[in-house]
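The next part holds the structures, each set out as structure tokens.
Shared between the two complexes below is subunit A, which has subunit B as its partner in the first and subunit C in the second.
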Partner chain A sequence: MKEKAMIGKGNGRFIFGMTAPTMLILLIMTVYPVIFTIVYSFTDYNYLKGIHPFIALENYVKLFENVYFRQAVFNTVLFTVLAVVSEVFLGLLLALYVRSLKKRQKLLRVLILLPYLLPAVTVALIWRMMLSPNYGIANQLLQTIGLPVFNWFRDPNTAFGTILVIDIWQNTPFAFLLLYACLQGVPDSQYEAAAIDGAGYFQSFWHVTLPNITGGLALCAMLRTIDTFRLFEKVNILTGGGPANTTSTITQYMYTYGIKTLDFGFASACAIVMTVFVLILSAVYIKRAVQS
Partner chain B sequence: MNMKKKRLVAAALSAAMLASLTACGGSTGETSQAAADASSGGAAEGETTKMTLILRGGSYGDVLKASLPEFEAEHNVEIEVLDMSFDDLHTGIALDAVNEVGTYDLCMVDGSWMAEFTTNGVLANLSDMGYSFDEDIIPNTTEICKVGEDIYLAPYFGNVTVMLYNKANVEAAGYQPEDIQTLDDMLAVAQAAKASGVNGFAYRGDTGDNIVSDFLPILLACGGWVVDDNNQPTVNTQEFKDAMNYYMELIGTGAAMSKDDVTAAVDNGSATLAIGWPGWYVPSADSAADYMVSPGMRSEGAESFNTSEYGTWTIGIPANAPHPDLALELLQYVMDPEVQLASIANGGVPCRYSCLQNEEILAEYPHLSIVCDALDQGVYRPAIEEWTDFTNILGTEMGNIMAGVKTVDEGLADAQTQLEELMQQ
Partner chain C sequence: MMKKSYLMTALKGIVGVLIIFLVLFPIYWLILMSIRPMSEMSGRISLIPGSITLEHFIKLFTEEGFDVALKNSLINSTISLVLSLATGLCTAYILARARFHFGLKKTMTKWILLVRVLPPVAFVIPLYTLFTKLGIIGTRLPIILACILINIPLIIWFMITFFQDLPGEVEESAKIDGATEWQLFWKIVLPLVLPGIAAVAMLSFMYAWNEYTYSVILTRSPENYTIPLMLSVLNTEDNVTNFGLVSAGGLTSFLPILLFVIFAQNYLISGLSSGAVKE
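Now for the complex of A and B:
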């Protein structure tokens, strides 16, 4: 008994010793900045002035009273929902298709992944060139078939949709990759059993595939939600949040009214609000993960 | 693994991590010492000193970069240049300003940041360091560089708004460039171009700063301005509304584009007119486009105003520059008349009479006489600390008006309210 306790104590120390470096790094790299962001969000901290007087909830009040911020929140939530649903749906379709192939699976996997390998800035610049009203290939195609040149990023009716399409184009491969990996884990025996029972393709999908990849779908949706919520580079490069704030997102708002103006107290409040939104949206998955 | 070994491994891992973390920081003392050594005459004798410049990317920074090799050779220095976008340059200089010893020896500064930077001690006082302007520098371009009699910046690139036009499109509209004297003429040309199937007026419709910058020459020609003598916002005035209504008509003849597209469109003839900057485009006798001073009159017989808005790129030395003495030498070198004259071949626009009125230069670059006139009589954007916020708010409301989300009256009233709140903070 005593010996067992000694071993347990020794193991505890060993476990602590092995996890200590990671815990320390997390404390320095994550916990410390988060705490300071929370603290700064209650101050009128201007980086250049170097002073940070405590102003309680003033930044938060200012934030929620601001009509541009409310529009940015609406845009971000709408964009996230549309992008995540589309990316997961298209990713699943692609994964099912590639998995069903008997040949050239590897080649297709690489080709499909290419957009995801590009940095967001590069993607934005490529699309800006392709959709340029002067030398863009898209508008040249329109002209060829007798349609007028279109200003994709400057028209309030199309700017949001155009950035959405670009984001879906770039990030669907991520959903594909994750769901394709999940599909590999579905036992063939279940499909064989379903086939013996006379299940067709859609019945197999509904009763075999889907239940087996539910966890993967949830994980994919959560990761894409967190990532899409931070959408910045594409908006900043392609539209700057315009026209008429139709593409403004929370991060773009934070950059324009907090970072650019060096009002880090206000920017911190904005960052905290954004984190809370992401946590709410990811809560279901996190709850499941914690429980399991 | 027995307990002793486990403890040893854990201890070794923790020690390694602590050592690496310690190595990452805590070198301020060494840096300060190195900086102090370098500042007082370079590194140890014979050693190459490394300097770092933070410049506006694109043609503005490229011009300065082109003149560096000679200085590097003469002074045994190696210069690293960081090319930044407008916003990143502002943030980059500001973020470095709070360090005891900074990273940058020389920085490019937009005139509109001057108030913010000098109020917060970001820039070194060049007068105290022994720098002064010579009489060759266009006096108006130095106004933004000083606080009282103290010099903080030197005007390096004479950027001032001009009206870009496509020669063939203007002629096809039945006008000669010199005939475009009023905003009415400008609108007539744009409308004629639109009727013929090309864009009349191309403009930037993205960020607040760009929207405001493109509009200010129009506002000036209508006799309006964004602030009064006490720097209080005046965007809900009759002059501003007239200018905005006019601008709505003008942009109705064309399209919003990115900066690169605006220049390309005017050059390739798919757009006719635009408000731009000399740094965007270097015309020649054979080029399809050229530029002129933006019209100063609203209509024939109306009062004429200066409509050239300064966007001069100035250079300064951060107050915490690691090699201030060398930086001053570099600043004096790139501001030297001969070096500035040579920079024209690389697309430079010096703020010097001797360069812009040089007959040989004008024979090759005739457009520089227009730039010289514009630099002589330009108008500065308000030198207020809140200018970045100011343009964010005004640009956003103007964007709402331009997109049809708000009427002119609604948008300007909202902008006025928000700007008054901003200036009261």
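Now for the complex of A and C:
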């Protein structure tokens, strides 16, 4: 009893000491920026001119009237849907494959993981070299077998798809790893029961595996959506949003037309739109995580 | 029956080879380009180089200033890791334990989750103006702070579950022996969650090491360039003269992570896949 009281006394100071640094960092680095991004978004703030009169919703109106911005939103949504669906699907196939192996599961798991661990910049550069129209191995192979070659990043027909493939190559391993861990959690007894009932491979996948990993699939899709939606590195390095705006994403648009030009009011409005999108997309995830 | 299973094994083997080829060929190509002499990079490129050279690495580090970028990346990632761990672990412990109450606890927990989800663009503009006003925009501090901003929510969110999984009795009995809260945390709780710390430390280091978005916006002078920035500058147009340099730099950018994979892959993998089982 005495001891408990003693510890209880110092508790407040201990809690304060343990949380104050984080609190301070969060206030300066997140609370303050979010508030001021909102404030800036209602002003005509250019960093060089300095003056920033209040212009209400003008930035937002300008943004939504802008064809390039609308295209960037469209690209981002399309890219995210295609990338996430492919990554989860391919990740699941890989996980099922590796799980079905009798040996070398661990080795294969770590080899498959490697692309995800590379910096996005490095991944972009590797593919740029392989797909180089003049010196790349890809076009050389295509030529050898008589197929048409492309200037992959400059051709409006191929640029979007090429970046999509590169992103899928890098991030499928993450989906694989997560789903592989989920598969390990499916109890063997359920498979045995299904086998006794005479279920084949596909039946036991449908009735045993799938119901057990629905949560994992949803989480995986969620995490990949949040991450893919902010796509920037690969686009900025490989195409800068071109050709003809076909690969521009929201972040890339904001970088080109707001941050580089130091039009911080306009860029802030763009950031707010982006943030609202992300909040809507991740609402389910946040809700679930807070509850647990 | 025998025949069918034999066929199945063969098929699985072919699929495996195909997977490994798709996954590893680009990495193989990166390694190859970094040690291939420039004369072998144009015309018909062979899959296996005729001769091997280290000229790209030597030029990269002696003439292109990649040594500075490497130093910057190491310093930034390490400092931000140490600071994020120090503050993040303490906060995660408080948030994980029901016996610690304070008014903002729930708000703080939710805010941290939100910060983890929000994109960098939600914070970066006011940070840019703030750092300029403080006069630190020409230094390495903005990148270190940005990496701390990325890593603190990750560490807290990750470690909360680790702390919660510890049985409360350990702390109870230590308390009865008269340990202060700080001694309890430092001497008893932290050693028990070391595996979790190792896993999250590797993840944090990796994210700081790979960071590009904040860096490209918050860095002005080349002397503060990190490896991803330096690589993106080296990579100008479609220019074969830089392929060797870019590859050598790209391979260098992969080395620390490769060390994790070789020496501590279990921690790394448990860190990356933690979401699957924990949430």
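Criterion: the second predicted complex is superposed on the first by the 250 of 292 C-alpha atoms of A that agree within 3 Å, B and C clash if a C-alpha of one lies under 4 Å from a C-alpha of the other, contacts with A are read in each partner's own complex, and residues count from 1 in each chain.
Here, a residue touches a chain if its C-beta (ideal position, glycine included) is under 8 Å from a C-beta of that chain, and two chains touch if they have at least 3 such contacts.
On a predicted model such as this, the values are computed, not experimentally measured, just so you know.
Enquirer: Taking the superposition as given, does A:R128 touch the first partner, subunit B, the second, subunit C, both, or neither?
Expert: In the superposition, A:R128 contacts both subunit B and subunit C.
Enquirer: Once the structures are superposed on A, label A:P156 by its partner contacts, choosing first (subunit B), second (subunit C), both or neither.
Expert: In the superposition, A:P156 touches subunit B alone.
Enquirer: Tell me the contact category for A:A218 with respect to subunit B and subunit C: first, second, both or neither.
Expert: Neither partner.
Enquirer: Contacts for A:A181 in the overlay, against subunit B (first) and subunit C (second): which applies, first, second, both or neither?
Expert: second
Enquirer: Considering only the touch criterion stated at the top, classify A:N245 as touching first (subunit B), second (subunit C), both, or neither.
Expert: A:N245 sits against subunit B, while subunit C stays out of touch.
Enquirer: Please name the chain, subunit B or subunit C, that touches the greater number of residues in subunit A.
Expert: C
Enquirer: Tell me the contact category for A:M18 with respect to subunit B and subunit C: first, second, both or neither.
Expert: A:M18: touches subunit B and subunit C.
Enquirer: Once chain A of both complexes is superposed, is A:Y257 in touch with subunit B (first), subunit C (second), both, or neither?
Expert: After superposing on A, A:Y257 lies in contact with subunit B but is clear of subunit C.
Enquirer: Name the contact category of A:I112: first (subunit B only), second (subunit C only), both, or neither.
Expert: After superposing on A, A:I112 lies in contact with subunit C but is clear of subunit B.
Enquirer: Determine, under the contact definition given at the top, whether A:L48 touches first (subunit B), second (subunit C), both, or neither.
Expert: First partner only.
Enquirer: Of the residues on subunit A, which ones does subunit B touch that subunit C also touches?
Expert: 10, 14, 16-18, 21, 25, 28, 47, 128, 132-135, 259
Enquirer: Can you name the residues of subunit A that touch subunit B in the complex?
Expert: 10, 13-14, 16-18, 20-21, 24-25, 28, 47-50, 68, 128, 132-135, 149, 151, 153-154, 156, 239-246, 256-257, 259-262
Enquirer: Which of the residues in subunit C come into contact with subunit A in the complex?
Expert: Against subunit A, subunit C makes touches at 12, 15-16, 19-20, 22-24, 26-27, 29-30, 33, 41-42, 44-45, 47, 86-88, 90-91, 93-94, 99-102, 104, 108-115, 117-130, 145, 148-149, 152, 156, 175-176, 178, 180-182, 185, 206, 209-210, 212-213, 216-217, 227-228, 231-232, 235, 238, 240, 243, 246-247, 250, 253-254, 257, 260-261, 265, 269, 272-273, 275-277, 279.
Enquirer: Would you pull the subunit B residues touching subunit A in the complex into a rising list?
Expert: 3, 6-7, 9-11, 13-14, 17, 21, 87, 90-91, 94-95, 97-98, 116, 120, 122, 205-208, 210-211, 255-258, 260-261, 264-265, 268, 270, 388-389, 392, 396, 399-400, 402-405
Enquirer: State the interface residues of subunit A toward subunit C in the complex, per the touch definition above.
Expert: Against subunit C, subunit A makes touches at 3-4, 7, 10-12, 14-19, 21-23, 25-26, 28-37, 40, 47, 94, 97, 100-101, 108-123, 125-130, 132-135, 137, 140, 169, 173-174, 177-182, 185, 216, 219-220, 223, 226, 229-230, 232-233, 236-237, 251, 254-255, 259, 264, 267-268, 270-272, 274-275, 278-279, 282, 285-286, 288-290, 292.
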